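Both of the next two complexes hold chain A, though its partner changes from chain B to chain C.
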Partner chain A sequence: MTEPASLLAWIAFVCLVAVTVGSAVLVVTLRNLFHAVLALIASLLGVAGLYLMLLAEFVAAIHVLIYVGAVATLFLFVIMLTVRIDDAALRQSNRQVIPAIALCGAGLALLLAALLAAPWTPVEEIRPPGVQQIGHDMLTTYLLPFEVVSLLLLVALVGAVTLARREDQRT
Partner chain B sequence: MIPLAPFLVVSAALVAIGVFGALTRRSALGILMSIELIINAAALNLVAFSQHIRTSDAESTAGQMFALFAMAIAAAAAAVGLSIVICIYRNSKTVNVDKIDLMRW
Partner chain C sequence: MPSPETALSGEPESLLAVFGWYILASVLVIGFVTVSAMFLIWWERKVSAHMQSRLGPMRVGWHGWLQSIADALKLLQKENIIPARADRPVFWMAPVVVFIPAFLAYVCIPFGPRLIAEDLTIGLLYILAITSVAIVGIFMAGWASNNKYSSLGAMRTVAQMVSYEVPLLLSLLGVVILTQSLSMQTIVESQAGIWFIALQPLGFLIYITAATAEVNRTPFDIPEAESELVAGYHTEYSGMKFAFFFVAEYTNLFTIAAIATALFLGGWHGPLLPPVVWFLLKSYFIVFLLMWFRWTFPRVRIDQMIGLGWKVLIPLSFLNLILTSLVVLLLQGGSAGGVS
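Then we have the complex of A and B:
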């Protein structure tokens, strides 16, 4: 039987949730998009911490590498390239804020009611797979998806370069 | 270890916030960021379920593997989406989706 979480674990969990959800709210409400990306980075780091609390340390490390290292940097570059400075003071939300809040609140209430009422039966003892197990499975059971994803990444990146390249440099 | 339900609540909250952002942001970049939040919530759910609920040890890595694949696909989506944003900006000098009505009848 897995031992119940200690008080310290709960405190860490609550702090991580506060960082994750609070930064996520900032991501969708901040007017300056540059600040929104910084909040997105904080939120993603919080999610990485949640992965650590789930004893999934490999996913946490890869999450930080891919999202904070690559995706957030890409966002920062594109914002530098496209958003003008005088745009930062403009209103960044459309006129549908009130209906959107109502819709998302209703969806959230529905989700919470469903998942808190569901009878989850967790395993007796949690034995998280290590990095070794993940590496082994990735190259045996999940070999085909692994190769397909690598092909997808290649195609996506070539496509991204082709789209972002200027037309008049095609000589 | 923290039980399963709190992680699901966090994940549901992230989805709701992400959908709110995708519905209300005017900038295409803001919408892409909200979509990243939603994908994160889904991956968090997958890992939480795989650590807490499983039928055999043979499938113990399934959820984490799906989360890794989801991350790779999200990275590809972000790369293509952002280069489309650069393309749109080059053509119409704006990234606000309410200004981009080229394909609206």
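Then we have the complex of A and C:
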């Protein structure tokens, strides 16, 4: 890679990381829950950008579609349906700050240990897997995790139906 | 046409060329989006008028063709009004968050054999993913306005868009199975012989229905039902901020029609006329169809609409998906086991 191209890539990377981490900090510090979710969306878009930089187009698109288009939207929906949620008097945090820090620190330590211990081998040519390759691998090598995920979704689906039904009988 | 890959591996000149190309493409798309939206607004008014035995705009230019330009100039001069108790930053950002995805979707719309900003391998998925971000902007507009009509409109819009995104995606998967590709150009090229509307009639019907709901048009215009909600999520918006929502709405309308053209109507394929003309003709025909719907069907109730999405369209699109996969598998005689 020549100088200007790698410099550009570096600038893009720094910008994306700044957006991702900056908005992640905002998510936990903003007092207004609605604003916090908007910051979360910005953070998720930053992560999608990082996926793009890794040439993982498919993952980036799915990430935006699922997390921004569905999950974050659901969060916003719940916030808008909740009364007085944007009240300034409402506490947006609980008292489990210390256990949370301890848990996250442990997770970080574990990740760092794994990353530093891993034998990284630089590759000459990056060939991002296409959609067909991903589909093929999911139905052959990674069939079991794929099926477990579908089982999880089925459980969520049945749970949602049960909850909706119970509401129906009460009224 | 240079691509980012050649730029990353190549010398500074190609890098410049890539930037030049990106800027050119953006300018072209912005120009097209604006002109197309203004044309569609005028056209919508003319179509509506003629369907009601009226004339529509007639004063500004021949048959009022300058009306949209006059309206745009008027909107530019409007005072910038923000409700007193609105959430200012969010109120400002909402129109932009709605407009940018609508604009970005044009990266992957195949206007002609070489006329596409960037033919991504995941083109179709990219368009669907990027347009789903606009939902957030609608929520922001509804919430920041601090107005019950805006909030209700935003919630209805999102409930509707989230419900209909599922059948929309599933209806397009039939075409993806047939072409085994998500690239818009590959999908169009594989329709040289036969248009996919002939092979996927059910998919097309589901797509058109779901797409009408996605762009919140009658009979699914509950989010902005003027008799109940004033104007839905953009009730409090005026001037240029309103114009952004308006342009985004008509841009999305064209995007929906362009996807239908590329996936079901053979894209830019057609005899005699240049490919671009064919693509635009087909797309504007789909837009006309959606305008026709508006004056043909009455608005449905919200529970009927959500019920139609989840209980009719989703099962139907699953049926379409299973049938398509079955036929493809049988025709290929099991030889398609591996990655082709």
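As a convention for this text, the second predicted complex is superposed on the first by the 115 of 171 C-alpha atoms of A that agree within 3 Å, B and C clash if a C-alpha of one lies under 4 Å from a C-alpha of the other, contacts with A are read in each partner's own complex, and residues count from 1 in each chain.
Here is the rule we use: a residue touches a chain if its C-beta (ideal position, glycine included) is under 8 Å from a C-beta of that chain, and two chains touch if they have at least 3 such contacts.
These numbers were taken from a predicted model, which means no experiment stands behind them.
In the superposed pair of complexes, A:Val149 makes contact with chain B only, with no contact to chain C. By the touch criterion defined above, A:Leu52 lies against neither chain B nor chain C after alignment on the C-alpha atoms of chain A. By the touch criterion stated above, A:Pro122 is placed in contact with chain B alone, chain C being left untouched.
In the superposition on chain A, the chain among chain B and chain C reaching more residues of chain A is B. In the superposition on chain A, A:Val68 makes contact with chain C only, while chain B stays out of contact range.
Looking at the shared chain after the overlay, A:Val78 reaches chain B, while chain C stays out of its contact range. When the shared chain is aligned, chain B comes close enough to touch A:Ile101, but chain C does not. Of the two partner chains, neither chain B nor chain C is touched by A:Val19. Look at A:Ile41: by the touch rule set out above, it reaches chain C but stays clear of chain B. With both structures placed on the common chain, the touch criterion links A:Ala9 to chain B and to chain C.
Under the contact criterion defined above, the residues of chain A that touch both chain B in one complex and chain C in the other are 2, 5, 9, 58, 62, 70, 74, 81, 133.
Within the complex formed with chain C, the residues of chain A that make contact are 1-2, 4-5, 8-9, 34-35, 38, 41, 45, 57-58, 61-62, 64-65, 68-70, 72-74, 76-77, 80-81, 130-133, 136. Residues 1-10, 12-21, 23-27, 29-30, 32-34, 36-37, 40, 43-44, 47-48, 51-54, 57, 60-61, 64-65, 67-69, 71-80, 82-87, 89-90, 95, 98 of chain B touch chain A in their complex. On the chain C side of its complex with chain A, the touching residues are 7-12, 15, 87, 90, 120-122, 125-126, 128-130, 132-133, 135-136, 139-140, 142-143, 151, 154-155, 158-159, 162, 165, 180, 182, 338-340.
If you check the complex, the residues on chain A that touch chain B are 2-3, 5, 9-10, 13, 17, 20-21, 24-25, 27-28, 33, 36-37, 40, 43-44, 47, 50-51, 53-56, 58-59, 62-63, 66-67, 70-71, 74-75, 78-79, 81-83, 91-94, 96-97, 100-101, 103-105, 107-108, 111-112, 115-116, 120-123, 126-129, 133-134, 137-138, 142, 145, 149, 152-153, 156-157, 159-161, 163-164, 166.
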